[in-house]
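Same chain, two partners: chain A is paired with chain B first, then with chain C.
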Partner chain A sequence: MTRHDTVARAAATPERPQPHAELGLTAAEYARIREILGRRPTDAELAIYSVMWSEHCSYKSSKAHLRQFAEKAPPTEALLAGIGHNAGVVDIGQGYAVTFKIESHNHPSYVEPFQGAATGVGGIVRDILAMGARPVAVMDALRFGPADAPDTRRVLPGVVSGISFYGNCLGLPNIGGELAFDPCYAGNPLVNALCVGVMRHGDLKRAAAEGPGNKVVLFGSRTGPDGIGGASVLASASFGGAGEGAKRPSVQVGDPFMEKLLIECCLELYAAGLVVGVQDLGAAGVSCATTELAAGGGVGMRVDLDAVPLRDAALGPAEILMSESQERMMAIVEPAGVGRFMEICARWDVPAEVIGEVTGTGRLEMTWHGELIVDLPPGSAADDGPVYDRSALRPAGQRELAADDPSALPRPAGAAGLRAGLLALLASPDAADKAWVTEQYDSYVRGDTVLAAPQDAGLVRIDERTGLGIALATDGNGRYTLLDPYAGAQLALAEAYRNVAVTGARPLAVTNCMNFGSPEDPAVMWQFAEAVRGLADACAALGVPVTGGNVSFYNQTGGTAIHPTPVIGVLGVHDDVRQRLSLGFREAGASVLLLGRTAAEFGGSLWARIAHGHLGGRPPRVDLDAERQLAAVFAAAAAGGLLAAAHDLSDGGLAVALAECCLAGGAGCTVSLPGDPFTSLFSESSARALVAVRPGCEAAFAGLCADRGVPAAVIGTTGGQHLAVTGGFSISLDELRAAHRQTLPGLFG
Partner chain B sequence: MARVVVDVMLKPEIHDPQGEAIASACRRLGFGQILGVRQGKRFELEIGGSADDAVMARIAELAAELLANPVIEEFEIRAP
Partner chain C sequence: MTTRVGVITFPGSLDDKDAARAVRRAGGEAVPLWHADRDLHGVDAVILPGGFSYGDYLRCGAIARFAPVMTELVPAARAGLPVLGICNGFQILCEAHLLPGALTRNSGLRFVSKDVRLRMESTATPWTRQFAAGQEITVVLKSGEGAYMAGPVTLAELGARGLVVARYAGANPNGSAAGIAGICNEAGNVVGLMPHPEHAIDALTGPSADGLGFFASVLLAAERT
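Right, the complex of A and B next:
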């Protein structure tokens, strides 16, 4: 029988060496823990602090910057819960509230692509569930190394398969997202999962324990040695070497069927009024749930770790505290409700156990085999972790990078060159048809999906009677952000905002997933600081608050960081989804208009990359006022039924947008390019969109654009089976389709 | 001709939701004495020639590459 480290032993043996460095705590952080406790921590306490003060849980390097999202937040009455909760909650009218969040699962998806991506979906779904909402849809923003790299062939199919397995089993539609490739993501793919849920206003739940005497219930899957890294260090350091009692870190395996039971069980528990506070268990498991619930309610908590249902009886207390076993939740329940709570759990086949109770002591106390092994102020672990103002320094070469303008690159000559250029872009893995991926996802389960990939945004109906719905899009462009992190983050927001607006929805709120390299590298920290500043400023300008999100640091292979990649999710509300706009050209005879201003902007463009492997110069100019006006035009045009199609312009500019409109709807078009044909086709100027106007509505739409100061140029007409450029080239839809569709099946099929 | 069997199991510490689902089905069907189930898979390979050490070594490579996922599974090879 192993003797476990207790509070009494810790007080009696102050000098015992502890493996704080192996657990990722600095000497200063360890000293701070000793100061908080007035003694050395026990093994179990050290486990709690090491996970709660990790970058992932504490945001210690990012906190100082993220404050801007609150400080610069635009005034809004839509926000019911903001940053700091499991997910932000937004009022969408008619008594409905929506909660949404995006989160990274990058590293687990590299180690074991299928399970890593699957548990990424599971984790974000539980975040949404913990707010009191029913999850209604998911999205995934994915970035991999070069499409033809052998490791991408290992990672991508596994990730896609894991997402589809988990989401499809749960019965949640996957309504969109992104798929992009760049050598910088080889060895460090980005797997960012978003979930959105819906509730009535009164259903909002808080992650706060209240009422001394209330019970702490752990329910869902049993606890196993999943995802434990540090605890094995602790175990071996405490017990004299590896071997007996030391568990290897292991990959988390998702169980979507248990998650489905948890969802239905939680919703029934909420409806029955049995839940005082609730928290999902993600990273840092029981450590995180107990400290955050207690700190959130400003109370104490007593927990008997022997009561935690285990899958592996050999687990010790530190391992139980650090386990990241999936599909678990923790609830605070009044004593009188415990019986009913357990009955409902039993009915859903969800294991549940009372493991402790709320106290008035203000301390988190945990026992193991009857001995006190944890006694700490919960806020010290959950809220008052270290905060670092890390040094940030513009990377050497940043100026040279910006000066390396692509305008000097050779451009395609003549009609044949432009034609070949368009086909090459359309067939590139970034612009190619993503059906090979999205067809593996169930996009229409639940019966409320109005728009899904390849549309600009996903659109879900919330109320069948009124047609109220929500639109969601995610965007990010690491190339732009590398060239200028401030502008790049703004461009990502602007694109997601535009993608939502182009369906006719009103953008309301923002979530973000900040994927960066090591915060200990001043160059990365500069990129991060600039990106956050840019995003906060742009959110203020666009009137959409950040409601929450996630920071993922240490995305690098060896010493080389990924391109800074903020992935921005925008949520919009659609008053009547029957009036949504979609991207396909379906009928002949509609005028095709290009909205917005086009300049010769090729820095970070898809053309520069595909045609020349070039990355340099300045990203497109940001014009947030133009974005706002464009969005207003779409909201009014959708409500007025003026448009037959609408599509946002982004990677690959007008060339790719035209091809996508033709292929999505099956009708061709004939256009005349205003100005220099090359710039017209391939520039990536922001705040632009392509529309087809319903015959008879031309004047009304022109008036709308004029009122908002949005430049609108008639460039052609829909119809035929070709994408034809007057005085230039013509490509049959069959040829376009072949170029667009063959790439991904050819690589991964 | 020889036959080689490759048994693949999840590593002992890896969560096995399928095994747990089977275990609970066992209990529902009245086999209360079954406390746990771990589910694996078995491959039977027909080999041209004899299953000598060199062949077995190649099959081990194949198992690590294709039949098992060594990140979460372990395998055993035998020539019965």
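Right, the complex of A and C next:
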């Protein structure tokens, strides 16, 4: 029989060498663990610290910067739980609270696309469930290498089918997201999953163990040897460039059927009042749940690891502590409630086992075969991990990049050139119709989806009687952020905010997924610091607090990092979803207006990239006050029923927006361009939108815009079966549709 | 008295809430039925909703047919109780041999979620009597294993005896034999439908309100008996 390392043995053999470097701990971190414990850690303790102090779990490189989200947060009464919880919780009125969060599963999705993406969905759903909420919808923000690269043909279909498999089996509507391509994501795809849940105010749950004597229950799937070290070995290190298959055992395997049972089981346990505290098991599994629950409640905990139900009897204590087997939760239950708790779990066929109890010692103690193998202060692992103030240096070449302005690039000449330019953008993988992806996702289940892809935001009804609902959008633009990380993060926020606003919803709160290269590279750290600063400042200016999020570092292969890519999710509240605005031009005879100011801004634009493969210059100017005014116009216009369609302008500018409005609703339009035709069509100036005004409402809408100081130019009328530019060109909807639709099926079958 | 329509929840059922809402919207009372209960609670009709019962492990619907509630449902269906299986429910009805044939992997080998046009072929069932024969409706299709398959003799019989309830109008979305979207048994009381009428009861949340006809039909049928 193998002799396991115990606390007694550790005290007796202080010099035994330990594999801290292999587990991702530095020599200094290892020394600090010895200092905290006053001896060398046992193998099991070393396992706990290695995962809890990993970049992924401890935020050790980002913590110092992320504080700004709280420090600069705008005053709000809507926040019921903020940063530091599994997910932020926002009051949306009528007694409802909403919790939402976006999280990355980038590294696993590259190593094993199907399971990596599937378990990304599963993990974020459990985060929401752990707050006490019923998950009601998911979204996915996906970024891949070049659409025509052979490896993208391996990764993308696997990721999409993994999301489809897991989300569809869970019965959660997929209401939107993003799909973008860039060579910088080859080898480092970004798979960011968002989940939103709803509860009544009183239902909020905390990840805190309370009451010595209360029982610790582990329920859900049995623990197996999958995902061991996922947080440390996989998520907190760069890829080496070859042999990533060796990391495959660090990817978890998902069982959405068990997760569906777990959702219904948890909600029934909550409703029965049986749960004192609860935590999901995600990254770092049992290590994370036990240390966080104990630290959260300021208590101790005694755990018998022999009681953990196993799928593989050969697992040792360190493996049990590091396993990231999916579909598991941990609850704190009063002794008198354990019987009823087990009955409900049995009703849902969910395995459950009491594995320990809350103590008053303030220590986390774990035994294995009757011997003490863990004895540590839980806060030292959960909260007091290392914090690094890593050096940040503006990358060499950043100024040259900004100086490489696209204004000198050749522009299409004449109507034929503009026409061809529009079709080329519309057919580019970034702007092309995403139905190949979204038709693999169930957007209808639960019967409350009011808007889903390809709309600007997803919109879900919360209350059937009052029409209360929530809108959600995610956005990010790595090109803008590379050119100027401060502005790029603000532009991502502004676009998500605008996408929510154009449905008629009031933007309320923010979540973010910060995807960056290695924090050990000062250039990456500079990008990160600038992006966080920009985002925090913009949140303050727009009056929307960050409620939580996730940082994903080490998205790089060798020395080459991805573009800095903050993906920002904005949540809005819609007072009456029956009044929602959507993007399609449906009927003829509506005036088409362009809102906002257009300047010649092509830095990082889709046009510069598609037409010239160019990336340089300055991203569009940020104007947050204009964004606020624009949002206020949409809220009032929706409530007043003034608009037949509304669509945000972003990648590809007015050209792509006009085409999307025509194709989504089936009616064409005839427009006159207000300025230089090329700039009018392809500039990506921010704080702009396109609307169709209901006949008879023109004056009322013009008044709204005037009151808010939003420039509104009448540019044309809906109708016909062409997108026609007066004095320029005309394209039939059939030709537009063909250009838009054929790209992804052509690439992915 | 309000017509009572049971909606069975299996472990992994997903569209049970939607089916119950559709029943209520049509004016009926939705009665939740639990897979482990050998009791239909005296309902006037039963819906087997969509989802992934028992994770669809082994084969779609293959485990659900052995659920305790099915030991009550099968004889009741054979005795004439109106039963509608939607999507996974259709798969379960085939596995339980209440309907012939089987649902197989979509011809495109991917999950398909989209709005589809259906042409109503039979209005002689308690679930379809409010439709006109040949009427086209828009509902939602969302399935990975939705291609209806049966032997040539069965397919010929289904057509000849008027047992095809609905076909896909326009392009066949999943490779179903003869474009079949739904069928019924010889007596007409048991209907299996691959697309989801319960997701098309309100233009706000679905592609149309056309699906309401299935639920209104069964209420009408129950009132008459």
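Quick note on the criterion: the second predicted complex is superposed on the first by the 726 of 749 C-alpha atoms of A that agree within 3 Å, B and C clash if a C-alpha of one lies under 4 Å from a C-alpha of the other, contacts with A are read in each partner's own complex, and residues count from 1 in each chain.
What we mean here is this: a residue touches a chain if its C-beta (ideal position, glycine included) is under 8 Å from a C-beta of that chain, and two chains touch if they have at least 3 such contacts.
Being a predicted model, the structure only gives us computed values, none of them experimental.
More residues of chain A are in touch with C than with the other of chain B and chain C. Look at A:Asp255: by the touch rule set out above, it reaches both chain B and chain C. Once chain A of one complex is fitted onto chain A of the other, the partner contacts of A:Arg506 are absent, as it touches neither chain B nor chain C.
By the document's definition of touching, of the two partners only chain B reaches A:Arg311; chain C does not.
By the touch criterion stated above, A:His574 is placed in contact with neither chain B nor chain C.
With both structures placed on the common chain, the touch criterion links A:Pro225 to chain B but leaves chain C unconnected.
Using the contact criterion defined above for the overlaid structures, shared-chain residue A:Gln115 touches chain B, although it does not reach chain C. When the shared chain is aligned, chain B comes close enough to touch A:Ser325, but chain C does not. In the superposition on chain A, chain A positions 255, 257-258, 349 are in contact with chain B in one complex as well as with chain C in the other. Within the complex formed with chain B, the residues of chain A that make contact are 111-112, 115, 221, 224-226, 247-248, 250-255, 257-258, 311-312, 325-326, 349. Interface of chain A with chain C (complex): residues 161, 164-165, 168-171, 255-258, 260-261, 347-349, 435, 438-450, 461, 577-578. The touching residues of chain C, when paired with chain A in their complex, are 11-12, 14-15, 17-18, 21, 36, 50-52, 54-57, 110-114, 140, 142, 144, 196, 198-199, 201, 204-206.
In the complex of the two chains, the chain B residues touching chain A come out as 10-11, 13-17, 20-21, 24, 69, 71-72.
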